[in-house]
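Each of the two complexes below includes chain A, the first together with chain B, the second together with chain C.
The block that comes next holds the complex of A and B.
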């Protein structure tokens, strides 16, 4: 799914219909140009295809769709069933690629072959087939790739703008608002900036190993982390680009002067309120805890689906004593936490929302379905506004939980 | 453009997979939890999809196939999954729906379950349904699950006075309405499934692992002793359904009715209930019909001759066609992602004078629908949220009904059935057309 935002590529899910249907245009990954990624293509395998094999249908589907939409590349996602019936997806991709003259890349994303993490790795492997196939001529020595931002609600545009103001060329955004030709020349960048470490770390590590491109882990969420990301990047280019540190400081202070007065207003209203955080990646959880602190709120529970042991140790250090830390939770566990702790706000993915709402707890979506940009300085202001709009809503008073709280 | 050769790929599907229908149906049984035997992803995506429509917690358990499971079989995963689920949720019933993977590796889930002995002290029943994603659509998975529940739980015995109702994939509001109508007729009815409360519940103080409501398992057992089964949906097959099974196994008479959408189909439905109950239509409903027809007269000019593209689940499409035809709207394209083979006949049976102007298409996807609609000059689309991309492309209003409603609130509260549902549909269609005319008007009339 992390490849989907590449807007001028064809994304074909090879499998029964369901696998593609549930993911049709459910993410707010925006494109400044082509919109091909928002269409959902499936080989819609039927019983006869499962018996006889789906290779012919796949080849036909690919050829027809390429003729119809003229994509710059095609990605073919293998689903569980394809892994079982043994279609040679690689061979079909090779044949179609030779026939149509564009890269046709298999993504080994069979569901039973692992977790989301393995799917991310498969996506990175597919990207590695593209990177290095384009010309790097004319790329500035002061240049970066933005990895692991999916341009939800236009976030990558905000970040890109900061770097450009600092005098840094952005070669490729992977994958938010991504373009095949940019990705092909991504090896020409001097530095990779990796957000969403879960999904794109493999790509960054491979590019470091094979092409000698260093990478930095960054987060664009929250004032502290956003500023840190810009300063780190400026520091990296300090030798090559005189004055970059000064330019960065000026940019940060200008952005802050715009948002801080309003943030302060929200903070006054939110001081002392309690939040719980449960998101996909641990790195995002760190940023959220810091950002909530910036708003004067306490995080009483924090967890992630894909965090590693060292991530949790870091979380433990970051959080206050008494904060509950959870790993890969389930609906029952989350609901019992929400009931035990007096929580004003729960930040999670769309699947957690109904649990919070059912218990009369405020909720903010910090997952791929968000519609307002939350990255960058502007994003922090949006975040503060959303948190305030949620926590301050009068509807909670009418819920059984709110009524109970008012009595106590 | 219209593709000359049919495309091998499905583009923007107008259907979902069978396990989703299974999960939805199982949510309508009291104390039941759906359990998918297959990959983690299946449960995650189906949960997300259902949650976005119903805006309620929807827990779906999953055995979670790994590479080893796929090679060696999923028996161990299934057993430990069931035991875990029983320990955490204390369900009365676990409905196991098999997805593509176990079906393809040839796993005999029925046999595995037969040999399964729960670890815990609390007994629970299992019901198994085969729903590979490559066979049929979500509607087929829904009906297959209803049938599996009946076949595996219903028992025979002396006939009691109650009736069975298989409403099909209607909204929680529709289910509540049906229950009200049956009660008003004094008919004791068992609806299967009944997710009117489980998927549209109130705020809670204490979280419920399994939401309250649903068809009680006890009532489900008694379905073999009912005097009649009402099976709703003109595109329902005449073989292999829950009602057919009850008829052949226990001799419960089967009566097939269309979805009561619009006046005429509702008249047929109410006439059937009147006959079953041996009493006239209750005054409350007769008055609703009266008001509905009165409003048809008041507003006939706004809707007559307008052209509509109708899409969605097959029985919904048939019902909407009946409704649109009776108010003078011409349905120009009646499309579904389903492939029952019975859509055309059912649409034509209810279309009245509009019949000659209708193109009926099964197995449609939204990309093809958009291409076809362009040449048919429709005034509006009526169907689920997923028609939005076509509506936007063609700059046409979309009246949202059915499932899923992902870009508006209240999908679970849309009432489609009966005179009351027709009233809401009619007001929505009329006001949408008036609003469009008002928006496009250079004058900006403030009265209509």
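The block that comes next holds the complex of A and C.
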């Protein structure tokens, strides 16, 4: 799914129809140009195909779609059952690629092949087949690739803008607002910046190993992390680009001076309120805890679905004592923590939203469904506003818990 | 123009579905299972499927949706998912203490050929199912049928496992409401009671998928058909199945298993279909239609009279699930509109015939499309060829509505971008009033928006 934001590529789900229906434009990955990625194509495997194999159908569908839309590349996502019925998707991709003259790349996203992380890895493998196939002519020595941002609500545009102001060329954004041709020449960049959750970590590591391109882990969320990301990058280019550190400092202080007064206002109203965080990746959780602290809020529960052991140790250090740290929790546990800790805000994914509301707790979506950019300095301001709006909503005073609080 | 790739010429494409007008079976099975009290639905497959289905249901109903998953690994794909399911059954009873677990299959478990009957009886033999508790299942291979098929299969599964004929008839009528909103199920109950029918409704998602804010997160909300009552459905005098595609299979099963006579009606959406429903209830209770129901009908007729001058012969395109479409088509004809394109992704017999019956001889030019290639892309092509005045369907229609600048009324499943559809019924007379109001507002809002200054008027 992480490849979907590549806007001028064709994305075909090889499998039953249902899977494709769920992927039709449900992530807010924005494109500044082509919108091809927002359509949902499926080979719609049916009973007969399951028995006889779906290779012919796949080839036919690919050819038709390529003729119709002239994409720059095509990605074929195999779903669970393709692995079981034994289609040789790679062979079909190779044939069609030779026939149509564009890259046709299989993505092994079979749902049963382990976790989300394995899915990310499969996506990176597909990308690795693209990177390096374009010309690197004319790329500045002061250049980066932005990896692991999906341009939800246009976030990649904000980040890109910062780097350009610092005098850094952005070669490719992978995959948010991505373009096939940019990705093909991504190996010309001097540095890879990998955004938190690690979806593109494998790609960065491979590029370091095979092409000698170093990478840095960054987070664009929250004031501290965002500034850190910019300073780290500036530091990396300090020799090659004199004055970059100064330019960065100026940029940061200018951005801060615009947002800080408003943030301070929100902070006054949010001071001492309690938050719970349950998100996909542990890295995101770190950033959120820091950003909430900036708003004067205490994170009393934090957890993630895909965190590793080290991540939890880091979380423990970051959080106050008494903060509950949960790993891959279930809804029952989550809601009992929310109640026990009497939180005012829950940050989670789509499935948790109604649980928070049932308890009478404000909610922010920090996964894929956010509509406002939360990255960068502007993003922090949006985040503060969103948190304030939901926490301070009068609706909570109508709930039993709110009524109780009013009385006491 | 998100869909600018759509061309007006309809091309042949047997291997390809673009922007499907349906989703897969398990999501329907999950929704049906939520209509049983204290039931934990369970998805026998990989975690991804279950997450998709829960998210989509949550987006539509804005309620927490709980379900377990067998969490297949590569190993289960090779050796089968028996071990996973047995483990899951043990864990779920221990952790979540449901009265019943309703298992549905997925593409994966169907393809590897897991035998659910055998696995469930093994679970019983091994004592993994606590006394008095139930595990039921439905086969829901996604590459056949659609989400409605899955719903129908699970309702049938509920009957197969739970209904019993004790030999002593009860003076009650089973009502299988079909895949409708929780508010619709509540409305069906209200009317049945008002008509003097002692009704046994299942599945019933009211008070589950529209549970009130109580300050607590109820893992099993108050609603849902109690297992006891479902068991007694075998002793009922008769069954009313609303919507053949979603409800007929279960009604026939009850007939076969417990000898309960059944009658299948179209969903009571629109005036005429509601008349038939009320009539069917009247036959069962033998009472006269109470005045307040006659008044509800009267208000609907009055409202249509007030509105008719605006509806006159407007062309409408509609897409969605068969049962909804048949009744909606009939209602649009009542309103003197012309349903010209009717598209469903759900396969099934008799759809075209039912639609033709609903149309009568009013719209001979109507085009009816059904099946996997009857997707949103095709509908868009049809509209491009010859335009319509109104589009009715689920959220996925918004792209076409925007590109072609057509007034759009959201109706059906899923609706992912609005709030409210699960709280207000569209069935029965009051539901029809709501639908008519929505339709008229959509048409008139557009007229206001497009009106040049000189013809923009206070009264319309």
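Rule of thumb we're sticking to: the second predicted complex is superposed on the first by the 401 of 408 C-alpha atoms of A that agree within 3 Å, B and C clash if a C-alpha of one lies under 4 Å from a C-alpha of the other, contacts with A are read in each partner's own complex, and residues count from 1 in each chain.
Heads up, the rule we're going with is that contacts are C-beta pairs under 8 Å (C-beta built on N, C-alpha and C of every residue); 3 or more make two chains touch, one makes a residue touch a chain.
Computed from a predicted model, the values in this text were never measured in an experiment.
Aligning the shared chain A places chain B and chain C in steric conflict.
In the superposition on chain A, contact is made by A:331 with both chain B and chain C. In the superposition on chain A, A:36 makes contact with chain C only, while chain B stays out of contact range.
Residues 15-22, 24, 26, 38-47, 49-50, 57, 60-61, 64-65, 68, 79-81, 83-85, 111-114, 330-332, 335, 339, 350-351, 353-355, 357-360, 399-401 of chain A are contacted both by chain B in one complex and by chain C in the other. Touching chain B in their complex are the following residues of chain A: 12, 15-26, 38-47, 49-50, 57, 60-61, 64-65, 68, 79-81, 83-85, 111-115, 330-332, 335-336, 338-339, 350-351, 353-355, 357-360, 399-401, 404. By the touch criterion stated above, chain B contacts chain A in their complex at residues 3, 5, 7-13, 15-20, 38-42, 44-49, 51-52, 55-59, 65-67, 69-70, 88-89, 99-101, 104-105, 132-135, 137, 201, 203-207, 209, 367, 386, 389.
Residues 15-22, 24, 26, 35-36, 38-47, 49-50, 56-58, 60-61, 64-65, 68-69, 79-81, 83-85, 111-114, 330-332, 335, 339, 350-351, 353-355, 357-360, 399-401 of chain A are the ones touching chain C in the complex.
Residues 2-3, 5, 13-20, 22-27, 45-49, 51-52, 54-56, 58-59, 62-66, 72-74, 76-77, 95-96, 106-108, 111-112, 141-144, 146-147, 211, 213-219, 345, 372, 396, 416 of chain C are the ones that touch chain A when the two sit in their complex.
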